[in-house]
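Take this structure, written in C-alpha cells, and hold onto it; I'll ask about it next.
Labels run A, B, C and D following the written order; every chain starts at residue 1.
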Amino acid sequence: MSETRTISYRDAVREAIRDAMARDPRVFLMGEDVGKYGGCYAVSKGLLDEFGEERIRDTPLSEAAFAGAGIGAALNGMRPIVEIMTVNFSLLALDQIVNNAATIPHMSGGQFAIPLVIRMATGGGRQVAAQHSHSLEGWYAHVPGLKVLAPATIEDARGMLWTALEDPNPVVIFEHVMLYNMEGPLAADAGAVDITKAALRRPGTDVSLITYGGSLPKTLAAAERLAGQGVSAEVVDLRCLRPLDTETIVASVAKTHRAVIVDEGWKTGSLAAEISARLMENAFYELDAPVSRVCSAEVPIPYPKHLEDAALPSVDAICRAVTAMVAVR
Amino acid sequence: MTATADKPHLTRAHLLELLRGMVRIRRFEEKCAELYTQEKIRGFLHLYIGEEAIAVGAMQALAPQDAVIATYREHGHALARGIAPGPLMAEMYGKLEGCCRGRGGSMHVFDRVARFYGGNAIVGGGLPLAVGFALADRMAGRANVTACFFGEGAVAEGEFHESMNLAALWKLPVLFVCENNLYAMGTALARSESQTDIALKARSYGMPADTVDGMNVVDVEAVTRAAVAEIRAGHGPRFLECKTYRFRAHSMFDAQLYRDKAEIEQWMTHDPIEALQTWMRLNGFLHDGDLDAVETAVAEEVETAVAFAEAGTWEPVEQLESFVVMDRVPQ
Amino acid sequence: MPSLGADMEAGTLVEWLKRPGDAVRRGDIVAVVETQKGAIEIEVFEDGVLDRLLVEPGMKVPVGTPLALIVKPGEVPAAAPAAPQPTLSPAPVAPSPAAPEPEPIQAAGPRLKISPAAAARAASLGVDPRRLRGTGAGGAITLRDVDAAPAPAPAAPPTVAAPVSAAQAMRSAIAAAMVKSKREIPHYYLATTIDMAKAAAWLDEANRARPVTERLLMGVLLLKAVAGALKEMPEFNGYWMDGAFTPGPGIHVGWAISLRTGGLVTPAIHDVETKSIDDTMAALRDLVKRARSGGLRSSELTDGTMTVTSLGDQGAEAVHGIIYPPQVALVGFGKLVQRPWAVDGKVVVRPVIQATLAADHRASDGHRGGLFLTAIERRLQEPQSL
Amino acid sequence: MNQDQIKAAIVESLLSVAPEVDPEKIDPGKDLREQCDLDSMDFLNFVIGIHHSLGVDIPEVDYPSFISLEKAAAYVERTLAVR
C-alpha cells in the first residue's frame, strides 16, 4: 500500500481535471462559471490561472449551445469536459445530449465517435428546493449511446474522469452535491480507475444493499447500524449506471438472497426499477424475499429541512426496509 | 476553378459545373419521389427541389478540410459536397452500402471523407454542433470553416440564438447559411416571427449578415466566397440569409393546405436551373447540345445510383446493436 | 389429441380400435396413443357414430388436434376440418380425460407463498414446501424455513406448535425411506459381543479428572471406534447410487436420535475421524440438544455417509437396523450389560456390549463385514488411542 | 438464592433437554429419566445446565443425586450452603 493523504471529493475532482488537462492538450473545460467564479461548487477554482481562458472556458447561460459545442468539438478532434451546474439545468441541453451525442455514432454507421465528458452535479440535501435538487441520472441511464457514471468515493472522484476521457463514447458523470465536502484518504499515486464494474463496498451475508452516488454514505451507515442488530448487509456501489454491471449485482444477491435498492431518484420508472427488473430476469430463483426499494418520495424536493429530509432516502428508511425483510421471524 | 478565391470565376466550364450540380440534385430527387411511391424509400422524405442554387453555390466556396452541417432536407447539400449518388441512394434505401450503412436514411446523411456531419433532423440542433466544430478548429489553430445550413424555422429555436451568441462571442469560424423558404413546414414566416428580417437577428449579435437571392446560384456563390474569406481570415462568424422557395411539399405526405397554388406557380417562374440556363444562353456560355449532354450525363448517374442501391444488401440483424457503444474513435 | 397430463405436448396415434361407421358409447376405448409416458388408451365422452378418422396410425400430433369426428345420433356430419389441425371440430374425441397423474395435495388451494430461492432449495432437497410453515414477511416460506425443515428421509425436529402434523409427516417420511431400504437393499447382518471393561475403566478415570462440562459418554467412544474402522475399511462409508458404490466425501457419521415426540432423526457429525475425542463429544452434545429443541439444519439430516444407532442404557441388548439409503451400512450398539466372560480360561463378570452390522450386500460381503466389526472391537480395547 | 429459584433453574435446565415436557406433571420425587425418557446424553446436558445456571460443580459420582427434582434441589441447596 502506497502512502495516502486526506483530500476532499471536490479537490479530488479538481485534481482529476488538472491531471487530464496536463496529460492531453485536446482536453478543455467548458461551462457556466467554471473560470472566473471558480465553479459553482468550487471544483475548478484556480484552474483558470493555471491553464488560461482558452482551456478553462466560461460560457454564457446556454446549456444547449455549449453542450452541443462540446459534441461538435469532440467530433472535430478535441476531448472536451463540459460542466453543467446541475442535472436540472441539463434539461436545457437534453436535445444535444440525447438527440446528437447519443445517436450520431450509430446514425452515421460508425463513422464517428464522440469522446466527450459531461460532468454535472445532482441530488438534494442542501435546501435548494425543487429546481436544483433532483436526481435525474436515471433518465440519462435510459439512453443507449451514453455511458453514465456516479463516483461515490474519493478514489472514483479522482480516477473516473481520465478513463471517461479516454472512452470513445459520450460519458456523463454525476457528482452528488452532498459528496463534495466529504473527505477521505487517497493514495498518493491515485490515478485512473475502471469505469465498467460495480464495487463491493462492504461484504455481508444477509442482504444486498445496492446503491450509488450520494446514497452510498447513507447506505454504509445503515449497514453499520444493521450489523449492531445482527444483520450482515452487503453494500454494492454501482459506480457505472450505464451500462449496469448486472453480473456483480446478481452475484451479490445470489449470495445474500435479498436485495434492497437505495436510489435517490423517484421510484417510478427509476434506476431502482431497472435493477429490480434485472434481478427478476437474472436472479429470480435466488430471491428469498421480494426486492425492496428506498427512493425519494414522489414529490418535487421541498425547501424546508424537515420535509426535504423526509423526502430523501435516509439511514432510518434503509434500516427499516432491511428489517422488514430480514427480521420477520 | 479554385475553391478558395473570394470571387467566382465565371468561366463556361464552371457555369456548366454549377448547372450540372443543380440538375443532378433535381433529377436525383425526382427519382427519389418516384421510388418513394414504390416504397423503395420509406420514412420521411424531404425534397430540396427549388432550392438547389443555395447548396450548389455555397459549396463552391468551401475547401475539402472545411466541415458541413446540414438539416434533414440535405440530399442537395450531400450531392453538392461530393457524396457519390450511389451510396446516397443506397442510404435512402436503407442498404448496407449506404453512406451510413443505411442506419440514417434520408434525414441522416453523414460522410467522413466529405466532412459532412448530417443530416440533423431536430430543427436548430445542428447549430451548436457547428459552434463546437469551429471551436475545435480555432483551438487547434486550423484555418478551417464550418458551414452550417438551416431553414428559417430554426430561427425561432433557442438553440439558434444561443449559437449565434456563442459563435459571435468567441469569434468562431462558422458560416451560418439560413435557407429562408418562407415556411417552417406549414407555418409561414410572418405567422411565427415577430421580426421577419432574419439577417437583422444575426446582426443583433454583432455578426455581419447578408441577404442574397437564393434562386441565383452565381449570387450565392459570390456572397459565400466573400463570407468564407472573411471567416478564414479570422474575423469571426458570418451569416447568410438565402431567400428561396421549395417547389415540392414539405414531405411526401403533405396536402399543402397552407399555401396557394398561385404562389407556388409564381415562384416556379424563378426556377434556379432555368434562371442559370437563361443567363448562360444570353451571355453565350450555353452551347447547343450542352443541356442535353448535362441531362444525359445526370440521367446516367441517377440510373447508376438506383442500380447501386437496388443491388445493395441488408445489414444482418445480428449487427443491430453495433455502433451504439464505440470501441474506438475512428481515425 | 387429449391432454393426458400438464406436461404432455403431443402424442403418437398407435392404433384405432374402432372403424368409421362403428357406433361408440361414452366410455368406449377408441384408440391407443403413445406418449412420453407410454401407451395410453383413449376413451370417448359422447355417444354417436364414428364418422371419420382424421389422424392415421403413426402420426404424431400436438395436444388439441382432432383425432376423429363423431356424429351424434340424428346429426348430419359437418365438413371435416383439414386434418390434422389443432382446431376444435364439432365433436372432438376425448377433450379432457382424467389426468393419470395424482393431483398435488393443494392443487386447488391458494398459491403457496414461498420465495423463489426457497422453492428452488426445497426442490433440490426433496422437501415438500406445502408442509412448511412460513416465517418470512407475510408468512412466506423462506430459505430458513426450508433449511429448518424435516428432511425427506427419516428426519424432523418436531415443533411443539404443530406436533401432530409434524409427527405424521415424519412418520410417513420414515416409512417411505425404510420401505425403500427394505425393498431395494439386500441387507446382511452380523453381530459380535465386545468386552467393554477397558473402555469403561478408561472412561471412569478420564471423567474423574474432568469438570462436568467436559465429561465424556460411552457413546462417543463407540462413535470414534466406528469412525476409525470406517477409515480403515472405506467400503462401508458412502453411497450406493446408480448401480455402483460411491465413497463418501468424508467420514460423516449419522447418529440416530430417537425423539420423544415420536420418530427419529439421524443428523451427521462431520469428519469424525479427524476430530479429537473432546471435539466429537462437544459435537454430539450439541447435536442432541438441537435435535431436542428443533434446531437442526436439513443439510445435517441428509449428508451422513453411514449411520450409528446406540440404544443406550435404557434399551435392548441388540439392534438389527435398517440401512438409511443410499448409505451402505449401519452399526448398532445394544445396552451395556454385565455378563459372565471367559478370560484366560476363567469365567469373570465383565461389562459387554453387542455390536451389530447391517450392510448392503451389493457394496460389501460378509467376510469384510466381519473384519469391520473386528476393527471396531480392536479400537475399543485401546480406548486411550481413540 | 432461595429454594424456589433453585427449583426454577433446575426445571429450566430440564426443559432445555426435554422441551416437550409439562413441568406441572412431573412428580418431583420420581426418577426423571423414566418420567421424561432421558438418555445419558440428555442427562449429561441436564446436569451441565444446572452447573451453568447455579454455578455448582457436580462430580460424576454424584449423578445419582440428580435422579429426581427433589433430590437435585436438595443437593444444590446443600452445596451452596457449604460454600
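Heads up, the rule we're going with is that a contact is a pair of C-beta atoms (placed from the backbone, for glycine too) under 8 Å apart; a residue touches a chain by one contact, two chains touch by 3 or more.
Quick caveat, the model's predicted, so the values are computed rather than measured.
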item: Middle chain, criterion being Cα centroid separation; value: A
item: Chain pair, A-B or C-D, that carries the greater number of C-beta contacts; value: A-B
item: Between chain B and chain D, centroid-to-centroid distance (C-alpha), Å; value: 101
item: Cα-centroid distance, chain C relative to chain D, in whole angstrom; value: 38
item: Distance between chain centroids, defined by C-alpha means - chain B, chain C (Å); value: 80
item: Chain contact graph, described as a line, ring, star, complete graph or other shape; value: line
item: Full enumeration of touching chain pairs; value: A-B, A-C, C-D
item: Complex interface listing, chain D residues touching chain C; value: 16-20, 33, 36-37, 39-42, 44-45, 47-48, 51-52, 57-60
item: Contact set on chain C toward chain D in their complex; value: 158, 160, 163, 204, 207-208, 211-213, 215, 217-219, 258, 260-261, 284-285, 288-289, 292-294, 312-314
item: Touching residues on chain A, where the partner in the complex is chain C; value: 257, 284-290, 324-325, 328-329
item: Touching residues on chain C, where the partner in the complex is chain A; value: 115-120, 135-137, 140, 142-143
item: In the complex, chain A residues that touch chain B; value: 28, 54-55, 59-60, 62, 64-78, 80, 92, 95-96, 99-100, 104-113, 115, 144-145, 147, 168-169, 243
